[in-house]
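Each structure below is given as structure tokens.
One chain, chain A, links the two complexes that follow: it is found with chain B in the first and with chain C in the second.
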Partner chain A sequence: MKTHDVIVIGAGHNGLTAAAYLARAGLDVLVLERNPYIGGAAVSRELYPGFTYSNCSYVSSLMRPEIMRDLDLPRYGLQITPFRGGLTMTRDGDYIASYRDRDMHRREIARHSPRDAESYDRYSAAVMRQCRFIRPMLLETPPDPTSLLPRDLRGLWRIGRAFRDLGPAGMYETIRFWTMSMADFLDQYFENDLVKAHFTGSSIIGTGLGPRSPGSAYVMLHHHMGEVDGTIGAWGYARGGMGAISRSLAGALEAAGGAIRTDAPVARVIVRKRRVAGVALEDGEEISARAVVSGMDFRRTVLQAMEPGDLPAGLVKAARNFKIRGSSGKLNIALDGMPTFRGVPADCPALAGDLHVTETIEEFERAYDDWKNGRWSRRPYVDLMIPSLTDPTMTPPGKHYMSIFVQYVPPELADGPWTSEKRDAFGRTVIDMLSEYSPDLKDLILHMEVRTPRELEEEVGLTEGNIFQGELTLDQLMFNRPAPGYAQYRLPVRGMYMCGSSTHPGGGVMGAPGANAAREIIADLRAGKRA
Partner chain B sequence: MTGDRRYGAIVIGGGHNGLVCGAFLAKAGLSVLIVEAADTLGGAARNAEIAEGYVAPACAHILHLLHPQVRARLKLRRHGLRLAARRLPTVALDAQGDHLTIRGRHLEGVISDDDVRAWRRLRRRLLRMAGALHPFLGRVPPRLGSDSWRDRLMLIRLALAVRRLGKREMREFLRIVNMNVADLLDDELSDARLKGALAFDAVLGTNFGPRSPGSVLTWLYRLAGEVGSGRTGLAIPQGGMAGLTEALAASARSFGADIWTGTAVKRIVVEGDRAVAVELESGNVLRTRAVLSSADPRATFLNLVGPEHLDTGFLRGVRGIRSNGLAAKLNLALDGLPEFTGLDRAALAGRIVIAPDIAHVERAFDQTKYGAYAAEPAIEITIPTLHDASLAPAGGHVLSAVVQYAPYGLAAGWEAHRDAFADRVMESIERYAPGLARRIVGRQVLTPADIEREFRITGGHWHHGDLAADQIFMLRPVPGWAQYETPISGLFLCGAGAHPGGGVTGAAGMNAARRVLSTRHGKDAG
Partner chain C sequence: MTAGARHEAPLLKTPFHPRTAVLNQAKQWGRWAGYATVACFTELAHEYFAIRHAATLFDVSPMKKYRISGTDAERYLNRLLTRDVRKLRTDRVAYAVWCNDDGKVLDDGTVFRLGEKEVLLMAQERHLAWLQDSAFGYDATIEDVSEAIAGLALQGPLSCTVLKAMELDGIAQLKPFGIARFDLSGTPLTVSRTGYTGDLGYELWTEPDKALELWDRLMAAGALYRLTPIGSRALDLARIEAGFIQANVDFIAADHSVRMTRQRSPFELGLDWMVDFDKGHFVGRRALLRERETGPRYRLVGLDIEGSKPAAGALVYYGRARQVGLVTSAAWSPTAKRNIALATLQAPFADKTDGLWAEIYVNKELKWEKTAARCRIVTRPFFDPPRRRATPAPDF
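Then we have the complex of A and B:
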């Protein structure tokens, strides 16, 4: 029977990234995907004739430019188009918009608070300082602070130097920033509730935190450390939907000689004499390999794909206690035409960006409390987009695709498990709320897909439907991700690795975990150990 | 009064930190004056007569954080400090009446062996970590980016302290220190009462709920303080908290410090970025070489010094300090010993906690986020008269309750709602102590608004500012000024607004005194 060099479990963007790097290193790589299609949470689906949905992840920014270059992704069809600004609408028909143009943006903020317009530069400078500080670490394997190995000491030294280079004020600012709540962080700069709310969204997307929870400021940073065409913090659409990212990665992989098998669900990893021998599929077929990389989340990898007996008890406990909470839902809608929004001019360029209706931090916090109490937010935060305004290939002419990301939605409801009735009720909550702002929205709906954490778990394979494969809190970041002592992509079974978003630097369509894992695997296989 | 005499150092505020600071300075030979606005010393650690013959702890009611060096170096025992009770157990009340007693590592009550073992493991682990942190409570925090050997040495010490925990424990420390306490407790324990009471300990006096990340750090911080009290544990001084205050004052006087009560300070006189004198409400101006303020940072800089003397960045920092209190105090004078269902006299003598489960505390916290007080608060109760009968008429008793959460910025305003709030608290307590109301002969309620007024603490925050990762150690009171000095030469902070923060520790006053003595203000001020 043929023995592959490496088997990658899961054709999500990280699995494919890892596979592509491994194949380009001359290794014989096979990617096994449970679904009939590749992409994991970075997919384009035609669930309604003529319409392409990015029905999971929906925008791109975090995908590391280094990876796009290394793997030559544009050559395999990847094209990212930046979108302009965004806006937060208010009940009284007003709004606050963001514009790429700095002066326009400042004038818009001044319309709500001249003082906040003045503070805006201080605010964005502070965020940019944190971006610059963290970006070099994204494509580095986190050093183990308890280790005295040269490579770890070097890594710690690099971080320490970068930290010291921030200067006294910068160092204090950084310590506070990483432990602060978004609400407190914003209070340092802004006075106007709407202005604060407008900047708050990215601090809670995908997490089990509210804007007043310490650590939420970092989550905001996590959404701003990306870039499009060298513009840091910019977001864009992959032409043809998020699936284009997966397709281009697959293209790079296949061009390098790697192979992908869909409809090939892995049942378990085969371990013989404390060393990986391959994987067994659910239909019993066994495929042997020298190394196995799991793109699945930490919990599934350790608790489902592997035998507790093959692993240290501490690791199993860590996996069980890994915080991976579902808190998000998604609506994907085919529209018969472009909806209107009260008070927003139809030609407002910000409409092509992310649209919101949460006016105050208190509304965010109340939405969060609903989730804590086991029900979907009665007034959820939505990150609403109309990608077809930027990418006409997604719908027939004159029609539109609306993607609505919804925070917060619990994986389990206080009044029992999810049912299709409850799912529909959740969808109605969102649409009814939005109808206050867009009276003609309901009549334009041709088709609507509603996804709760349940669907995200069952269809995509994300435990509890957590979009980041694990909470982005300090106890699960850097050398703590996914667990202390296991942050360097290896599991304590020779030849077993992880490359999913459960590993550093975490979630978002970034590819960095995959690239980092591949680097470690190649080093090991070359060194001949573990294989 | 001797207004013409020139003191080497003037300490503003006769709370425990002010007294400790003054005592240490006098001990070192400085001529020291401590001025207190109120007619009695002690600040938040003083007694209050809440009814004819009934004496209650005005604010703080348990002594468990007093820094060992303060106790020893100031010879507090010789100056009359006696403990009426030590090693108080914590009694976690249960709605169904089967309560749980936490006596250090021992758990008494119906509870699974698994939890007993798990609690011992968890407690041992937390105490080791707290032990590593304890030494830094009694030290001046380092300054980042400085080239002084002192600062570098301190940072190295900190790193070593964590390393010395050993690989496994260091890893665990670096993980849980950023966690929320609810997750940690759910991972390790299963008993609701136990988790509720421990979660309450973690968030007591902080602006956190059990599910706020960072609440494990605040718990470790509290434990780090308790490590210092060694085997004494939770204690109640003879004569109430005033017992401690009197010992501190006696100690300060024995070293030659003058103490004036009923002497409010109007402003700190600044000449050319230098604090040169203190102007009293009476109009008297007392010149001095060093001014030490145990008032909270906002009061010190915004009221006593005045913004005109400070630069924008620093002011922004001071104004940004989160110092809105959220704990209230309820003191009851009772004509007899209250009866709590299922608690015997021994249990009543403990520290009684109403926090039946984590969700209870979290719900109570959630309401404060929207400017309301907790409908079902979490409460810490002591009955000091069980340990010191002299605090009440024969047969009478005093019940002292710390109530969380009650936000300083109550949306509806406190004046109109103080009594409604107190009634709410009474309901919560009576659920466990039916008939309590009938015994009441006197009642005192202190909301954060009252605490602000009574004790002159801006925002009514017991700790002069939240204890949170972004407001402790090197970042307290504001980044870059954690060494007790201020932008005004000759002006120092010595209160809970400075490292290591609130609680009756005396550490802030001690550290500040040491800092002053290491500067020229101390050296030639003798």
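Then we have the complex of A and C:
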């Protein structure tokens, strides 16, 4: 039987990224994907004729440009188009918008608070300082602070130097920032409730935190540290939907000689004599390999694909305790035309951006309370976008695709497990709320896909439906991701690795975990170790 | 030009001005051949991405257009241009350069073969004097028809879709560099599958008094396809990605240069493929034959530069100290996701696979930082989508 150099479990974008780097290094790589399609949470599917949905993730910023360049992804169809602005609508028919033009943006904030408008530049400089600090770490293996190995010491020294470069005030600011709540962070700059609410959303997307929870400021940073063509914090659409990112990675992989098998669910990793020997598929087929890298989340990798007996008990315990709480849902809607929004001019450029209806931090917290109580939010936070306003390939001309990301949706409900009826009721909650702002929305709906954490878990394989493959809190970031001592992409079985969003630098369509893991694997295989 | 305009305004208005002026929210104008042209209507990013993503309109009316007619039109052009015009069939377009007697490039442009005895030559610069002087002894009449033809470039992946929505029958079958003729309520409308973006695209030509009707019909047809008017800044980014050179940016037109050493031959501009020594005599042939023996002094190349900071104007070094060239056009390419540049290098350094560095200065909050960025010579175009060549043209 043929022995591959590396088997990658899961054709999520990180698995594909790792595989492409490995194949380009001359290794024989096979990717095994459970679903009949690739992409994991970076996927585009046509569920209604003529309409392409970005079924899970919907916008791109985190995907590292170094990876696009290394793997030549534009050649395989990757095109990212930045979008313009965004707005938060209010019940009384007004809104606050963000515009790309600085002066337009300032005037718009000033409509609500002249003071806050002037504070905005201070706020963005503070966010940018944090971005400058963290961005160089994204494509680096996190150094282990307890290690005395030269590479760890070098890594720590680099971080230490970047930290010192912040200056005394910047150092204090940074230490506070990493543990701070978004509400406290915003209070330092803004006083108007609507202005604050407008900037709050990215601090709670995908997490089990509210804007008043410590750590939520970092989640905002996680959404700002990306870029589109050098504009830090900018977001864009992948032409053809987020699946186009995965397809371009697959293109690069195949061009480098790698292969992908879909409909190939891995049941377990085969370990012989304390080293990896390959994997067994659910139908019993065994495929051998010198190394296995899992793109699944930490929980699944350790608790489902591996035998507890092959691993240290502490690691198994860490996997069981790994915070991977689901908190999000998603609606994908095919629309017969462009809906109108009360009070918003039809030609407002901000409509091409992200739309929201949560007006105060208080409302965010109430939505969060529902989640803690085991219910979906009665007035959820939505991140609503109409990608077809920008990307003409998503729908037939004149029709539109609406993507609605919804926060908060618990993985389990207080009154028992999710059912299809409850899922539909959840969908109705969202549409009813939005109909207050867009009276013609309901009549335009041709088809709607509703996804709760249950669907995300079952269809994408994200435990509890956690979109980041694990909570983005300081206790689970950097050298603590996914668990202390295991942040360098290796598991303590020779030849066993992880490359999913459960590893540093975490979730989002970023590719960095995959690229970092590949670098470690290549180094090990070259050194002849672990193989 | 109307009489009143002689002293009233330094810049003239193109036939599309009534539309472009209204749409120009950013109030950024540029000048081109004596006309006011829009540099940016709204936001550079918005306009640039529309080129690669949807469809765009750019007013090319200021382009200099020379009509060459007469029984010797073909013979005349074959002597003028370095490539073989006899191979250019009616209703086809070709890219071309022409040189002076020393084999130095005067300009580049496009040749539209409208008939056996009629050709249009389009260029960025003015050439009436040279063209007429060269006509001595030929039955060829050269007229400047620039003001008689209004032009719009419709470029982008949805450009064919827009033309289909405008009901231009059979447009999808038009091959790259082909010309098709249509009717615009009684006036001829000429469509060529040409452009400056390196993408799927067309150029539409008609009489100036039909310009606004053409604009309106295109915008109406394009309403569902995100048809976006664009300015010259967005176009410039696309043309760098396409790897196209521009006169007086990437080379100095020979007859404008004061310093003779700045003049460049087609070989030096990387246009070897356009020089056809087999076709018989043409202007500059002897000098170019000599140069073919001795080799060019310079080479215009495409560079892929490490990092993301555009290398505009950067000096190029071989090793740390030896200065070997200059970047003439540079950009971060949002579509190729590379830091690209066009550069002129001393010929011996134009096949180096290693050791080339661009010196880039970046102003970081009032602190200049100098970086040496590694350069790799790469083939152009930097971005080359299959849709550019596909016939029938794809829908998007």
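Quick note on the criterion: the second predicted complex is superposed on the first by the 531 of 531 C-alpha atoms of A that agree within 3 Å, B and C clash if a C-alpha of one lies under 4 Å from a C-alpha of the other, contacts with A are read in each partner's own complex, and residues count from 1 in each chain.
As a convention for this text, contacts are C-beta pairs under 8 Å (C-beta built on N, C-alpha and C of every residue); 3 or more make two chains touch, one makes a residue touch a chain.
Values in this document were obtained by computation on a predicted structure and should not be read as measured data.
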{"item": "Partner chain in contact with A:Thr3 - chain B first, chain C second, else both or neither", "value": "neither"}
{"item": "Touching partner for A:Leu474 - first (chain B), second (chain C), both, neither", "value": "first"}
{"item": "Partner chain in contact with A:Pro65 - chain B first, chain C second, else both or neither", "value": "second"}
{"item": "Winner by number of chain A residues touched, once chain B and chain C are compared", "value": "B"}
{"item": "Which superposed partner A:Thr393 touches (first chain B, second chain C, both, neither)", "value": "second"}
{"item": "First, second, both or neither for A:Thr419, with chain B first and chain C second", "value": "neither"}
{"item": "First, second, both or neither for A:Ser213, with chain B first and chain C second", "value": "first"}
{"item": "Complex contacts: residues of chain A adjacent to chain B", "value": "145-146, 164, 167-169, 171-173, 175-176, 179-180, 184, 187-188, 209, 212-215, 321, 323, 362, 365-366, 369, 372, 473-475, 479-480, 483-485"}
{"item": "Residues on chain C engaged by chain A in the complex (per definition of touch)", "value": "43, 45-46, 49, 52-54, 158, 224-226, 308, 332, 334-338, 383, 396"}
{"item": "Chain A-facing residues of chain B, complex", "value": "143-146, 163, 167, 170-172, 174-179, 183, 187, 208, 211-214, 316, 320, 322, 362, 366, 369-370, 468-470, 474-475, 479-480"}
{"item": "Contacting residues of chain A [partner chain C, same complex]", "value": "65, 68-69, 73-74, 78-82, 84, 100-101, 228-230, 239, 390-393, 397-398"}
